[in-house]
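Read through the structures below before going on.
You will see two complexes here that share chain A, one where it goes with chain B and one where it goes with chain C.
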Partner chain A sequence: MSADTRNRSGLAGALRDLPRNVWNSIFRNPVPSNDVERSATTFTNFFLHIHPVKVHPNSLRPIYTMGLGLISFFLFLILVLTGIALMFYYVPATSQAYDRMLDLRGSVAFGTILRNMHRWAAHGMVAVVFLHMCRVFFTGAYKKPREFNWVLGVVLFLVTLLLSFTGYLLPWDQLAFWAITVGAAIAGYAPVVGKEIQFLLMGGNAVGQEALLRFYVLHVAVLPAVMTVLVAVHFWRIRKDGGLSRPPEAEIKPDLEVTRPPAVLDPKRTYGLQGLVRGPLTRVGDLPDNELYSWPHLFRAELFVLVVTVSVILLLSLAFNAPLEEPVNALHPPNPAKAPWYFLGLQEMVSYSAFWGGIGVPGIFVLLLLLTPYLDRNPKGVGKWFAKERLLANTVFLTFVVVNVIFVIIGTFFRGPNWAFVTPW
Partner chain B sequence: MRLALAIGTFLILAIHGVVFYNQFSHRWERNQVAYFDQARSLAKSEAERTSLADRKPRIEQIVVTSFGETRVDRCTTCHIASDDPRFVNHAQPLRTHPYSPALGDLEKNGKWERRHKFSEFGCTVCHDGQGRGLSPEYSHGQDHYWPDPLLGYATQAGWRKDFLPMLKGKAYLEANCAQCHTEPGFRGTPTVERGRQLFFATNCYGCHKIEGLSDGTIGPDLSEVGRMWKVDYLWARIADPKSVLATSIMPKFNLKEDEIRALVVFLKSRKGKNFTETEIQRFKVKTAGGAELVQATLRPVVIKPGEMVAQGGKLIEDRACTACHKLGGRDGGIAPDLSFQGLLKDESWIFAHFKNPRSTVPDSIMPAFRFTDDEFKAMTSSLVSQKSVPPLGSPAATYQALCQRCHGEKGDGHGLIAEHLDPYPRDLTNAGFMNSKPFARLVDSIRNGVPGTSMPAWGRILDEAKAKELLDHIQKTFVKDPRKEPPVRQVDDKNVVAMSKESMDRGAGIFVARCAGCHGKKADGKGANALDILPRPRNLRNGWFVNYASDRRLAESILYGVQGTAMPPWIDYGLSRNDVGDLINYIRGINPKPKGDQNAGAK
Partner chain C sequence: MTVNLKRSSPGGAQEPGRRSMLGLLTGAGLAGSGLLGVISNLVFIKPRATYGQPQRFTIGKPDDFPTGSRVALQAQKICVVREGDKLAAVSTVCTHLGCTVGLSETGFACPCHGSRFDHDGVVTGGPAPKPLPWYKVTLAPNGEIEVDKDTEVPSGSYLSL
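== the complex of A and B ==
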């Protein structure tokens, strides 16, 4: 690009030019100093090209997104990396799993911190993905044309729950064993196929070796693969659906008359492929817009979120050790036996009615969540937190969130032996 | 933004620094370096010194495969001097494990040789703790979740503070010695042996099962109790049963601290399976039961004919009868008062009750203890001599002294020991029942008792007049409704249907159709509806009671129902007098006539 790309001659020259040439072969562009280079950097770097060259300032407002989607993604990255490291040591066998946990805690290099990071990032991801979903709802960001991305998001939330749930069993301690026993029992309340699903999940009638192996394979292979593919589609759809949602008044309408009807192609002109697909609307020239270059605005913000996420997870992992309870004793359930915290709302509801609490109500919730963008077709109120036009929808959703959170809190803190009501103080 | 990024990045770097420091600076490494230094100064030869200088800290571990599941013991990583005899006087962790003839160690020419070599036994086989751990807290098992903390050494945060000092000491290690040294009377495990004897002497075996030793069914099976529970739980469960489980019916035994310790160590040694047993031996014990072992372990007392009463009294005290019963100064609060047993029961009844409590009270929860007949006879003599009549003043005082323990302060049948009695004591506030029975019958129940139940005959203590006064008091205080004599029903005194096979068969058919819902298919009073009914349906397998109830009473109860209870008048539901006769024949047919007499009574 710049002037000093000319090479020196001879072998000595090649060697002297080697570092620069290697660097330039990897990074096509120098650190950008003008808008063309900023565009080129974003455009030509594999890891950056998933971003647009320019972003709308609304997408950069911290208060609008709170970075929740990014945090979810970074937590997923942390989980993949620490998870792979833990896989080097873990054995999915009932006779060995717990001993391996003890080794991780005691004698394996960096075992404790890796396990802590994996555990806290997993809990964090469940929470953050849920908060991300709340953000998208309260800003009306699921509306046309982003309906399907919302559906993908709901599915990703379910996959996150499943990943966390399958990972819960792997330490093979009392906490894991009984939480999964309870959780799998909830699946058994489904009508007609409930017991079959439970059997398929556990590979038997009780949690044992088969269940451990199944959960392991689901946790380290199947679900991460599903997650990766869905996350990729989720991201791709953000670009194809026109970036993050924003209020219509934030758009600057280009003062440009479209003189040509989009459907009529001029046989004498050459069209780019994109122009064909989207219609010949390729804008050329100095169009007015208020967008900012991704480099550096977007990337700096992303780096900031990454640094904060990693710092928090590291701090948590340093301060709190992931729990490891007694080895599994199938004859001696703790009282109460509790599911993982994010399923305690379900367990609380199950304590009132097995079917309605465990399957009926959550099933209806998930169905409603999936159908939300197709039921709520009011196009107004996009891109604003708690828009007035969406008072009804937001109130309904807020009620749903609050009720679930209350159930989780009751299940976590206010339930003692025999699921009797206790006060935690 | 830039400042925040810089701070965040610095934070990440700092945390990594801490993590790496933790990773590469272990306490055990410092311990090992200290050991190498000290050993070098103690070394005698140059070669030893150089080899010590070359040693680098590393994790030491012993893989133990001969004792149950494979263990990985890394204890010697810190306790690296445990087998180095020069470190006898050093402070832990760099201290030689003691040599002792008691452990089987041999001294030859000033050199000790271990009987239990660490390379074969490891550490946790004897000491418990978590072999894989490398920090003191985890490896000693002080972490609340670890099931086997170092026996007699480590305690956990959740343990009761007042028990902590008692849970320490070498005696606890015997529980693990006994995993291999199982022979009774082994010299190395005196505490286990004492505990085993106490298990029988204090009658634990009456309620608890330990495979191969005892077969009690009232309390939990203790065959694997040492594997399931930690010593603090065992201690609390014996020293103060209700503190662990408020609904526990286990009595609080009058045990001294060293006796509790012996029992805890003995129970800790019960792990279901020990290292010496083979599967086939276990199977044999399971099929043969442990009765012979019990008899062998109990040390029978030789009874001298002249000192029966005194010796019996001592036995009653030693064998913890007052853990349940009331006698002398002690009251277990679970079983009846024995203070005036000689006035209530005669010798043959008490002896029969000792031999098999259910032969006299079919639903008694009293365990059948395996004492010798002589011992039982002595204890019987002692009980028969208990004739101190309680002070009987007003009828209210009489009620308080004799009736309240079962029928309760309010007369509602919820007395102190009521929940342990079957059938449950009568609710005297139930006016429907009380006023549906003739006065004479209530007097009879008091004076002659109700056979087959815990209601004794008070006839030798209360004469006719006193019993009537007591009943008047009950009527006024508890029943509250004025006394009404029930109408005399037209019921035949003798069963109208003669006893025969055919009649019994017909009765069985009617019973299944009409009665089994409450009284149960087996007529044992445990039908499907029984739990919803108070008072509970009568156990019609109670031979004593069935034999005592006259034809007339049975027929009247069936035909006209029992007021104040769930028993309906079957005459309204289509049972004829002949049907009732068949039912009575069926009920009498399934209950062989019991031998002997139930109550001393007024006779």
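== the complex of A and C ==
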């Protein structure tokens, strides 16, 4: 299993063995060529050990997950890397921020492509995280024992939106300024604490230097840290909840002593601590095991998704430039002043009633989302897209998705000056 | 390997009173510190001084505003209304979502979502839920007009010159 470790003697020998010894000190296992080595590599490599050694074939079916969670994660990685690069040139000051945007475009090497990648990955992440949520819903994957991971997911979705929202102000152009003015005012409609929240968010009575600094700190430090921790817990829970959801008929039925409760353990035998917590893991006899080794099946799939995600973002960034409008003019709002596209559904509702559109209805939606796994206790239909047993739940959710999308489309394309109805053609 | 499988009761077998008391105190101490932490962070994050445009400022002498005029002061986000001997300051911040309203024939109009207000700032159309507030206006000893945006006055209350 381990590589050849016979060393040559003397200093010359040590030098000649140096590359091999350094390599072997980093990688404990050779490139796997049998099942034991495949297991060992997955266990002992820090970056691989968050994966199970073997995965169920259902988890690898591209049309089951569509890789959407993974794409969300890779987009987050792209955002962290390009974001850190942008921080080297950005200054969160009202007198400089906009000029720094022009510098990125004009005089910083790779500035344009970095900014484009950051912008398109951010838009993409909002969309993909939302689609991932839809996938989880339509496959019934939030059911016992995965309720809490769904709740974590809803929080992750909100953090994703907050990251986008705080980043939106940073270029300090007209678009940014008025979108944030409008967005912060929506927060002001929350009952009792609304005005207070608006004041804390803006660090004053209007969007200005304090607001820019606050949004910057939230955007580059606080929210990414929260996101990182939550994503880590999300991933950990996937493992502890028994891997990805799958249809019950695909479940391996361990008819052996896998889940005997600790109380009836045989006192004459010796158990590992893990065995005490989860039941002894010894499997004897012919267990139907059609699971596949993560190396290479899962890792190859993940690498493929990574390459596709990065390529798409790169191509988009080469083809389209991130928008930059006029510098901020606090005296003249553009007409109409529009929020970022994913908030346009919200803004459309807000144009009917600020409280209900901005706080009431979205608040109820988020609450319903958080409670979904606890309200829908029908255990059937897990692991299949649009299962017949979940017709009601899926119809309700689909309606909610379609209504949202329609509102976003109206807000984006059908609203003109004075928020009057216009036709885009 | 010996493993203890008995569930320990919170008090433990011996000295139940003392143990649970200690547990209770520890819990209360931690909860209290947590609460204090949250409160002090909230206090910290709330700015004591605000920067930028002050809430109280002077805008010049009454003569700068001829009778019958409506002058929008863009930086201060107010509109100074002068009618005969009376003068007032009306906010030009839309009560819907905070865009700056412009002056129109019939009063004020907001470009963002189309709210309209009459000359007194009363909503005549659009999503704005409240009229534009009026601010307290006084005459400073040196004859300058002073506006206090921290104090709202009922609409229609003018300063008599």
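Note that in this section the second predicted complex is superposed on the first by the 409 of 425 C-alpha atoms of A that agree within 3 Å, B and C clash if a C-alpha of one lies under 4 Å from a C-alpha of the other, contacts with A are read in each partner's own complex, and residues count from 1 in each chain.
Here, a residue touches a chain if its C-beta (ideal position, glycine included) is under 8 Å from a C-beta of that chain, and two chains touch if they have at least 3 such contacts.
Not measured: the values here are computed from a predicted model.
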Superposition on chain A - do chain B and chain C clash or fit: fit
First, second, both or neither for A:332, with chain B first and chain C second: both
Touched partner set for A:206, first chain B, second chain C, both or neither: second
Which of chain B and chain C A:409 touches, first, second, both or neither: neither
Partner chain(s) touched by A:186 [first = chain B, second = chain C, both, neither]: second
Partner chain in contact with A:418 - chain B first, chain C second, else both or neither: second
Which superposed partner A:77 touches (first chain B, second chain C, both, neither): neither
Geometry of the superposed three-chain model: angle at chain A (Cα centres of chain B and chain C, steps of 10 degrees): 40
Contacts of A:351 with chain B and chain C, given as first, second, both or neither: second
Dominant toucher of chain A (residue count), chain B or chain C: C
Touching partner for A:230 - first (chain B), second (chain C), both, neither: neither
Minimum distance between Cα atoms of chain B and chain C in the superposition (Å): 7
Residues of chain A at both interfaces, chain B in one complex, chain C in the other: 331-332
Chain A residues touching chain C - in the complex, by the definition given at the top: 178, 181-182, 184-186, 188, 199-200, 203-206, 208-210, 262-263, 270-271, 273, 276, 330-337, 350-355, 417-420
Chain A contact footprint on chain B (complex, rising order): 1, 4-5, 8-9, 11-12, 15-16, 18-19, 22-23, 59, 69, 72, 74, 130, 132-135, 138-139, 145-147, 228
Contact footprint of chain B on chain A as seen in their complex: 95, 99, 102-103, 105-107, 109-110, 113, 173-174, 300, 303-304, 307-308, 310-311, 314-315, 318, 323-327, 329, 331-332
Chain A-facing residues of chain C, complex: 1, 3, 5, 45-47, 50-53, 55, 74-75, 77, 96-100, 109-114, 127, 129
